[in-house]
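Two complexes come next, and they have one chain in common, subunit A, joined by subunit B in the first and subunit C in the second.
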Partner chain A sequence: MVSQATTESQTPQEYAAPSTIEEALRSIADGDATILAGGTDLMLQTKPGGRLPYRRKLVNIRRIAGLRGVGEKDGRISIGALVTITDIANNELLKTAAPVLPQTADCFASGQIRNMGTVGGNICNASPAGDMIVPLLVLDAEVELSAWAKGAVATRLVPLSKFFTGPGRTVKQPNELLTRIVFARPDKKYSVGYIKSGPRPALEISTVSAALSAIRDNDKLSSVRIALGAVGPTVLRAVKAEAYLEGKTVNAQVVAETARLAAEDASPIDDVRATAWYRRHLIQVYVKRLLENDSQG
Partner chain B sequence: MEPIAKKSLIGQRVPKPDAPDKATGRTTYINDMVLPKMLYGKILHAGRPHALIKNIDVSAAKALPGVYAVLTAADVPEMFFGVGRDNRPLKGGKVRCVRDEVAAVAAESEELCDEALRLIKVDYEDLPAVFDPAEGAKEGAPLIHDNKPGNRSLAYQFKHGDVAAAEASSDVVIDSVFNVHYVTHCCMGTSCVIADFDCDGKLTIYSQTQYPYNFKMDLAPALGIHPGDIRVIQPPVGGAFGSKLDVYPFEPVCALLAQAARRPVKLTFSREEEFINAPTRQPVRIHMRTGAKKDGTLTFRKVDCLLNNGAYTSWGPTVPFVMMRTFSSHFRVPNVDIDCRAIYTNNPYAGSFRGYGNVQATYATSIHADMMAEKLGMELLTFSLKNAQKSGEVTPQGARLNECVFAECLQKAADVTDFTAKHARYAAERNKPGRIKRGIGMASSIHNAGGAKIHKSDGCGTMIKLDDYARATVITGASEIGQGIDAVICQVVAEELGIPMSDITIVNNDSAIAPWDVGVHASRTTFIAGNAAQRAARKAREQMLNAASKRANMPADALDLREGWVVHDSDGTPVLKIDKLLREMHFSREPELVMVSEYYEPPSEPENKEHVGDMSAAYSHAVHVAEVEVDTETGEIRIVKFTSVQDVGRVINEMGLEAQLEGGIVMGIGYALSEELKIVNGQVRNPSFRDYKVLTAPEVPPMELHFIESHSSTGPMGAKGIAELPTIVPAPAIANAVYNAIGIRFFDPPMTPEKVARAIWERDSKLAAAE
Partner chain C sequence: MTAKVDISFTLNGHLKKVSVPADMSALTMLRDMLGMTGTKLACGEGECGACTIMVDGVSLNSCLMYAAECDGRTVLTIEGLRTAAGLDPMQKAFVEKGAIQCGYCMPGMIMQAKYLADTKGKMTHEELQRGLEGNVCRCTGYKKVFDAVAAVVGVTE
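Coming up: the complex of A and B.
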């Protein structure tokens, strides 16, 4: 366990720009570092008056080639933490293996933000509205966390569904770096859909987003996973709705009940962007549309 | 030499002269400017709606190295300024809204300013606050200004005819309450000013103002200096839209800092500060009652308006001046009774904003027209045509509608959109199954299009000089704030002088050089400054033709100026190059330079105390048609097609006209669908573009623009002012289209997805419960 004593201030006292994962992990080993990837969230949060102070050291991981790239090995797809949202939108492997990810990338912020923002950053920012998290949850992705321990690189895999503990909070320790995201290549029978609300999905901070994946066999569903964004303290899995839907055949009554249960699984709040009522209403509309295979939302 | 045929620039597509520099990033906006030895200024805002200031301790801020001035109300004379003379640059005693300026610092950098502001300790004692004007008007409500009993701010009344008798004789009466909301201008350039005093105490202020001459008059009382000792320089600005039509506290505060620090000081708002501290559009509660006869003839309008004044009085609470014009003249309304009151609250306050009250008023009048037509069982077009005025009619407030083509605009809009057939078909399909519903809606309005005589003068001064190379300089009072007046003036002057537009330089950014103009507002600049430029150019033309006449031995009226040449007017035969003519005039035994001036005052009159007067030299109409799709589950509204038909008098610069209309319509759609400054308990809850939603490019619908040319007898080349109607008419056109699609009226814009979804859900729940 590392020391929890951290230094918080308006400006970092030290700066490091490592070029390898090992260097980076040594650099953050004392846990008193703020990590810079794309910077699209960090820059706003750390500006004067922002909600996030800097720790003692600012560690820029952008020069680490080992954190880039998308690959496949033994049926598992791996996405480097520094892969940008634009990279995801354009990646040929993902377009075939997990098209929901490029589809989500296409609803993600503006072109400028997509060019800078990284998938690792989007996950570590742990926003309840984090766009990439929603489809990754239904792909049952895991994140690889790495740390420098006892003179060597130690890694552990954490299921994304266990990664978040609250808004802006995760199980990642201060001395750990999220190095990549991995998930099993979905079966061919798998169908995955994603919907994000808003008259302009791309520039909207999600009022609600939803993703659903399942193996469809003549309308009978198995391995059902439903993820919902911006309707709770973290992006969440709609567990009651998933359990109900498992093994069912889709018909109007099943659709209605799944939608109702999904709205129950969520704990949305009233805020300046939407009321809890509207968020629950949209969950039901979207779950219904995802089940009816209609993602024209 | 070949003959030179007569060609006209009027009605052509002309790029704005400032466009290449702006598009390539070369323009130095005021926000980019740095002066030698310049300091930066920042303001400490109250952040609370109503509180006594018990103590302010600035000692730590003053001790910070690099800080040159720290000011509070105690350091400056107690000067009042603003439309209601109720505002002070820095507040002492108490604060009345979140944006209130309690202290200010000048330092070597913005970061140092922020640090100094954090070191200022203010002790407040919160007071009971009031945010709703209806509450504010009640007896016992917290008093916001000691000298404003009942929190009463401005009030306006207009009565004409006998509304009670008209109501008694009406076959149908409808009654609705509209609540139109807070929006803000969202200029790309945030508020910014640079102030610099010389050793004699004269102030040079680099400002975004859109009314440089009266700006001096309004700024002086906040500083206690003579207006004549203020020089206003206007660098390029990133938008204004009415937000720069008044003096706001940051401007005198910056000047006071410069005075105290004895250095130039620049003060710029961050985007968050801009959302909280820049003016808004005036929100209004409009209670409107409208009557009509069975045959569709409008009989009366009775209107009661309650305005949330906010804590201080800028132009916002004066918008009834324009609203009343719409209530009494949008369609022929024989009897009207209008009562408007503004009540102080602890909210931020509104300023002027493109459309100036007419955006709010037209939302009510155009929705009521649609409701009335439906209630009468008439087609909206028939009802509208029945009540549309004709040329020569005079409205109850004395507006003489010359060259009025309202009926033509209505007919054209209906024809090009197949309005009547679609309107009936979508209404019939409303209750059929399907989650996407289509609708089509029409709205219209009237606006002043030849200036507005709300000041003692509505004029514009212009000077023109030509040099020995036939290059012209036009020195005009008309400010260029992005709207495109430079292109229009170049066209008008080039047309008269027969020289290329590229040989014309416009100077209009220095109050010490250019002659007076009332400012960029009221859709007036093309009309007023265009007339002034044309008249000045005609003087120069006459002088040149007279000189040419002597040299060519031909009467002046047989000559013309074309493409750099003096030519025979009849067949275009070239006689003499214009630059040669000018040199000959200059270097002759009786030397003369071409340098002329003109002051144009439009033939309009101010309103009298009863609000009657022909206050504009021209009026114009626009009709908009929106075709929409409503997703009845999510409540999302998509505009499929937007059509505008507008009386523009005459097209001068077609490209500029299109840009003004498209930009205005986008602003109007934002007002209808997505934009809202959410102010809760006096606090601005969404001070960022993330949560304040202006339209972005993908949401801009396909647009079809039709220009009707009514040829104003008073406008330059027949043109009328055009800039506000595009923002005024979209919202009710969209609201009427949404009604056509789903059968629900929205009296409280914006029609956000949530609001629409909720309304549909509530209606369907009620229907289900009733079954």
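Coming up: the complex of A and C.
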């Protein structure tokens, strides 16, 4: 076998299956590791001819109990990176506190993939169409990144809105592991909705997905967040539309203008699933529906 | 050199010890290393469900699972459903309802149906349809498949 100048190759040269976060962080400390969680994206992307080469070491984090579980402490909800999409769909705390997440999980891929795929993996894969990212963005979620530094575990929190830098690219360093997702438990007056496009619920890669959250007080909206999937290089926040809608009372004219601005905030492309024109049209339809509180996508 | 991983796991009630390449799928291990060809390769990308197996009682696409991840776990394939008493009730129902045409998708269909029966039990017709959304049949429709599963789990409208 011809040796390569870099350690990127078609197959992993080493394998590790740590059982604790600390062990995993030490294992990836040199930054030359590919992380395996659910594997549903990784297996396909690393196939011969795929877009992702393996780094030297394949580190399987599935055995780390400390990365599982959903909990709440001091009004903050925490979801472990290894929590599966099925776990999210069935979780009682999330059904009560943030029902938009179970609702989104329910239209994610298929039963088999929901059983394997993890929320941390869906985020780190950084697909512009990543399903779980859209509702997490309107919940103002942050991701905890952990690394092994100076003989100890060091963590930093990054707002999800600052996490993505492009398709498949994030601010996570090669020696860092996404360990959990945290967000404040939404206020009771908070209303959140999510719509995903597609001719069928199963195994659909979104053509457009959209989520909107706001505090609704007699139809007057504040703390508005609008997130859009599959209409730009990353899942994105429609910042112009958010700024316009803040403090407004919902009426037909406000709805129309918000929808128009949201379409301007996006930068969709033509691809096999839809044209950019159709995506801009769908954004407007979905933003209108979300504002009219009809999330039956 | 591709890293090799020594694993041991329970396959259909029997302990297996194998050394697998770190990047091999569970499906390739089952079919090409262990000769368990009941589990089928069709799309190879998690879209069709023909490769569905159960691991620790949970259904998944074995084409997307790393073989190394089977270490220490309990794996059930279509070959493991049959017992000394004969076919599993789900297998019998598929035969009796004529749910099988070419048969290629059947091992995956039956494993997913078994998972639904084990975890959900009685369900609505819509839940049944959603439960099998990850399994594709290219021969025919799904009505007889739904009839077969309904005969086992019971369906409420």
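Note that in this section the second predicted complex is superposed on the first by the 290 of 297 C-alpha atoms of A that agree within 3 Å, B and C clash if a C-alpha of one lies under 4 Å from a C-alpha of the other, contacts with A are read in each partner's own complex, and residues count from 1 in each chain.
Everything that follows uses one rule, which is that a residue touches a chain if its C-beta (ideal position, glycine included) is under 8 Å from a C-beta of that chain, and two chains touch if they have at least 3 such contacts.
Because the structure is a prediction, the values reported are computed rather than measured.
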Partner contacting more residues of subunit A (subunit B vs subunit C): C
First (subunit B), second (subunit C), both or neither touched by A:M116: second
Touching partner for A:I269 - first (subunit B), second (subunit C), both, neither: neither
Partner chain in contact with A:A149 - subunit B first, subunit C second, else both or neither: neither
Touching partner for A:L203 - first (subunit B), second (subunit C), both, neither: both
Partner chain(s) touched by A:P12 [first = subunit B, second = subunit C, both, neither]: second
Which superposed partner A:V158 touches (first subunit B, second subunit C, both, neither): neither
Partner chain(s) touched by A:R62 [first = subunit B, second = subunit C, both, neither]: second
Which superposed partner A:M43 touches (first subunit B, second subunit C, both, neither): second
Which superposed partner A:V250 touches (first subunit B, second subunit C, both, neither): neither
Shared subunit A contacts, counted only where both subunit B and subunit C touch the same residue: 200, 202-203
Contacting residues of subunit A [partner subunit B, same complex]: 48-49, 197-200, 202-205, 207, 272-275, 277-278, 281-282, 285, 297
Touching residues (chain side subunit A, partner subunit C) in the complex: 1, 11-15, 17, 36, 39-40, 43-44, 46, 54, 58, 60, 62, 86, 109-113, 115-116, 200-203
Subunit C - residues contacting subunit A, complex: 1-3, 5, 21-23, 25, 45-47, 49, 52, 58-61, 63-66, 68-69, 71, 112, 115-116, 130-134
Residues of subunit B touching subunit A in the complex: 111, 114, 633-634, 636-638, 673-674, 678, 685-686, 690-691, 693, 696, 698-699, 753-754, 757-758, 761
